[in-house]
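What follows is a pair of complexes built around chain A, which joins chain B in one and chain C in the other.
And now, the complex of A and B:
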């Protein structure tokens, strides 16, 4: 990996060099009732709107790589008047016409993309809707200050070693830049930057060390897959199920929840129809219901349990890593205040 | 140097949304609820190249209405001249119930695992279906009958709720001509019904009691299809009759939205019903949480 250092004042030039393309980054959306700023990812038109000092966004940047609604195809009907409905023509459009710059992703969100790549770009049927967005993405990562709800360190996602073009760490009035792509390298050639000297190396190491000490939340993942299997019938799941409102908010804010459903809608004049993909949540009541009315997970605790099994067991079995990146968003957004560290700890403590 | 990005085309996955144009060439009402749809891929080349194995499924697409998975009920030798046995029970199938010959639909697939009848050659086979489970089971039945000499004893046990709900009853005489043991049982008799009345498990229990299952331990494979509630009862009996768990095959049902391992709707534990199933051996089922 190549490293460069540049003055913090140069960041606006970096931004403007990238601004020829659409830039999405953390912007301030308002304040909560305690006067704390609320951030979310959105299109950034002006450098001053970019808040790289954000603690965490409410949603992940998922809407830009797994949109909540997306048309998979369009059908055009040609009725020949024969009475059998005529013929139709199917058109598939991946919907990507321009590159996108994601500016200011934290390591957890970069690692979320790396994990999604494994499942969505791998296997027999790589998903081109996701794949084309990923292929046209330029990612500028930004270091974060761990929050009390962040448990990325436990999930091994507290630092990003791949999956970005450029990663920036603020060092007082300097930026320390990690470079992973030639595009990022050429970009930095156009601003005032230099190779880091040994004192800047030391400075960077000190900052990383200080960051280590800020992690509070912790999840014990040792032997977790086996424990989850052993505790499948534990009553503690029912206790969490009684709290869970089955609202699906956790999946909405999660950077790695990718489940979806498909519905079709028809134009008012019946000339066209659209097959629309909508992100779904395994906590919603009808997630596992089948034709004829049978529901494989009718109780809320079975659905909540399934979500933990998919993230912390199923994905581990398939890809040797958890699907959870420990960003803590689900716990922060949960109306019933259910958090991953508490659920995992309670299952580990269960003696049944 | 221009560092602006250029939009690049996707690396792969061109076939992700591809569906074959197909036509409903014929519709046979089977019972009050189910119909047999003959669906033929329109392009003769695509039809010929459409190779599937018994137990696999397709995604059937009705533009503007919906898309859903259906197991193929026809013999694999027919390639892309498919038969699907469909019960009118949901939005899409009720619409399908009203369409006639000539309707153009989309077919994608074939997807999923199959009943490994090619590995069962030289063995006795027991095929058990409950209710609509005969739809996925008919494909391996026909595949076995077409290569009948390669198998030992072939027994079919089929249970339905009422005699009027028996599917493919016009074919039973033909099946029997292939030296096949065919036992049919119904939950509730109707006027004119001469056969046994009861649950499918009673036929199995009777056979175990009579010692007819003693030969199972030597090399019998079982294929089981039916409603979720049926699997455990039937499979427990098969295990009691010494059929090895890894030689019992079941076909599981889930509502899939993509069929390609991406929508997660059909997940059982870490397993996708669409990719790792729908056909599972019972050893895998025992290892999965909430499979049946």
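And now, the complex of A and C:
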């Protein structure tokens, strides 16, 4: 990896060099009732709207690589009236019209993309809708200050070692830049930057060390796959299930939840039809409903349990890592205050 | 001309001199030449429609209104971009908001409004005997709607006197239409969401099953990346209310009032805890849950526990 250092005032030049493409980054959306700032990812038109000091966004940047709703294909029918139904055409649009710059992703969100890549691109049937978007993406990571709800350290996703073009760490008046792509290297050539000297190396190491002490929330993942298997019947699941609203909020804000449903839609004039994909959640009542009407998971606690099993057990067995990146968004957004650290701790403490 | 795409499929109902109000508003958008062209095409139109070579029949549809504001029916006329397509799907024989004629030969009856008088019950029975499919259109028809708010007063005679004074009027306890006749399909919302009705009617014409979302409004609200109204200190029934409205109110920073009724398996016990934890009084929560009648069962349960009445 290559390292560079540049004055913080140069960041606006970096932003402007990238601004020919669409830039999406953390912007302030409002304040909550206690006056705390609320952030989300959105298209950034002006550098001053970019809030790189954001603690965490409410939603992940998922909408830009796994949209909540997306047409998978469109059918056009041309009925010539001959009675055989006429001709039809199928169009597929991956929805990529311009390169995208994700500016200011924290390590958890970069690692989320790395995990999604494994599932959606690494398998036998890569997902072209996701792949096209990923191929046209330039990622500028940004260091974060761990929040009380962050448990990325437990999930091994507190730092990103790949999956970005450029990663920036703020050091007072300087930025410490990690470079992973030729494009990022050439970008930095166009601004005022230099190779870090030994004191700047030291400074960077100090900052990283100070960050370590800020982690409060932890999830004990040792032997977790086995413990989850052993505690499959534990009554704590029912307790959490009683709280669960089955509303899908956790999955909607999650940077790695990729499950979806597909529905067909026909225009009212019958000349066009669509297959529409909608991101779904395993907590929703009909997630495991099948043709014929049977629902394999009619109880909320079963659905909630399987969400945890997918993230912390099934995925680990398949990919040797958890699907959870510890960003804490699900717990922050859950009105019933169901948080991953508490659920896992309660299962571990179960004595059944 | 914005309407050219639709002109091939104009329904007879359009050409027969009805829907004048709508034509007037359409006229504002298109020039006279286009309008003449449109009318000529109406006269030449072919009625037979097909999808994938399978001929489709346009069902005869009637709209009825019981006690209501007729706002749901008005919603259907409210989107001129798709109105002609919608009208081409069905043959409308009765639609007070849009035409003078009132036919009695229909297969699908859309009934808006709730029951507040005996004659409405009788009308419903006639509709049921005539229609193959009876659709409850909007929250009044589905749950009683805003009208049913009067049911929470124990003394309905007192309510009548407060509202109408000495004016002689018949009014009884408000009921949803399912209390009197079998309802085949419910379309929720106050008002209904036009896009949803269009999707449902398309499905009916194609003979497909009609699905309502099984999840609460939160799912759609999150997909619109709204700030949670609870974070802003505003109570919201989104966590328990059936989705399908694309989080209409929360997206405009108004907490959900539950007009679409409870989502299946809605976790109302947890809603109480959520409201309590955030300092929303029980009375305020019940006010909200009572507004459209969809949560009547739960409200009765909560009140029953405390043994209270208003």
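Keep in mind that, in the parts below, the second predicted complex is superposed on the first by the 345 of 352 C-alpha atoms of A that agree within 3 Å, B and C clash if a C-alpha of one lies under 4 Å from a C-alpha of the other, contacts with A are read in each partner's own complex, and residues count from 1 in each chain.
Just so it is clear, contacts are C-beta pairs under 8 Å (C-beta built on N, C-alpha and C of every residue); 3 or more make two chains touch, one makes a residue touch a chain.
This one's a predicted model, so the numbers in the text were calculated from it and none came from an experiment.
> When the two structures are overlaid on chain A, which partner does A:291 contact: first (chain B), second (chain C), both, or neither?
First partner only.
> Going by the contact rule set out at the top, does A:77 touch chain B (first), chain C (second), both, or neither?
Touch status of A:77: both partners.
> Applying the touch criterion given at the start, work out whether A:35 contacts chain B, chain C, both or neither, answering first, second, both or neither.
After superposition on chain A, A:35 lies in contact with neither partner.
> Is A:247 touching anything from chain B or chain C once the two structures are fitted on A? First, second, both or neither.
In the superposition, A:247 touches chain C alone.
> Does chain B (first) or chain C (second) touch A:266, or do both, or does neither?
Both partners, chain B and chain C.
> Comparing chain B against chain C, which has contacts with more of the residues in chain A?
Counted on chain A, the partner with more touching residues turns out to be B.
> Taking the superposition as given, does A:258 touch the first partner, chain B, the second, chain C, both, or neither?
A:258: touches chain B, not chain C.
> For A:58, select first, second, both or neither according to whether it touches chain B, chain C, the two together, or no partner.
Second partner only.
> Scan A:183 for contacts with chain B and chain C and give back first, second, both or neither.
first
> For chain A, give the residues common to its interface with chain B and its interface with chain C.
After superposing on chain A, chain A residues 77, 84-86, 88, 265-266, 270 contact both chain B and chain C.
> Please output the residues of chain B touching chain A within their complex, sorted ascending.
Chain B residues touching chain A: 1, 3-19, 61, 63-68, 87, 89-90, 93, 99-104, 106, 227-228, 253-255, 257-258, 260-265, 267, 269-271, 275, 289-290.
> For a test of understanding, state which residues of chain A touch chain C in their complex under the given definition.
Touch list, chain A to chain C: 29-30, 32-33, 38, 40, 58-59, 63, 68-69, 77, 79, 83-86, 88, 242-249, 252-253, 265-270, 279, 281, 284-286, 300, 333, 335-336.
> Along chain C, where are the residues that touch chain A in the complex?
5-6, 9, 49-54, 56, 82, 85-86, 88-89, 198-199, 201-202, 206, 214-216, 218-219, 222-223, 225, 227-228, 230-233, 238-240, 263-267, 269-271, 273-274
> Within their complex, state which residues of chain A touch chain B.
By the definition above, chain A touches chain B via 17-18, 20-21, 72-73, 75, 77, 82, 84-88, 90, 92, 94, 96-99, 101, 119-121, 123-129, 131-132, 135-136, 138, 183, 186-187, 189-190, 229, 232, 258-266, 270, 273, 275, 277, 280, 282, 287-292, 294, 296-297, 302, 306, 309-310, 313-318.
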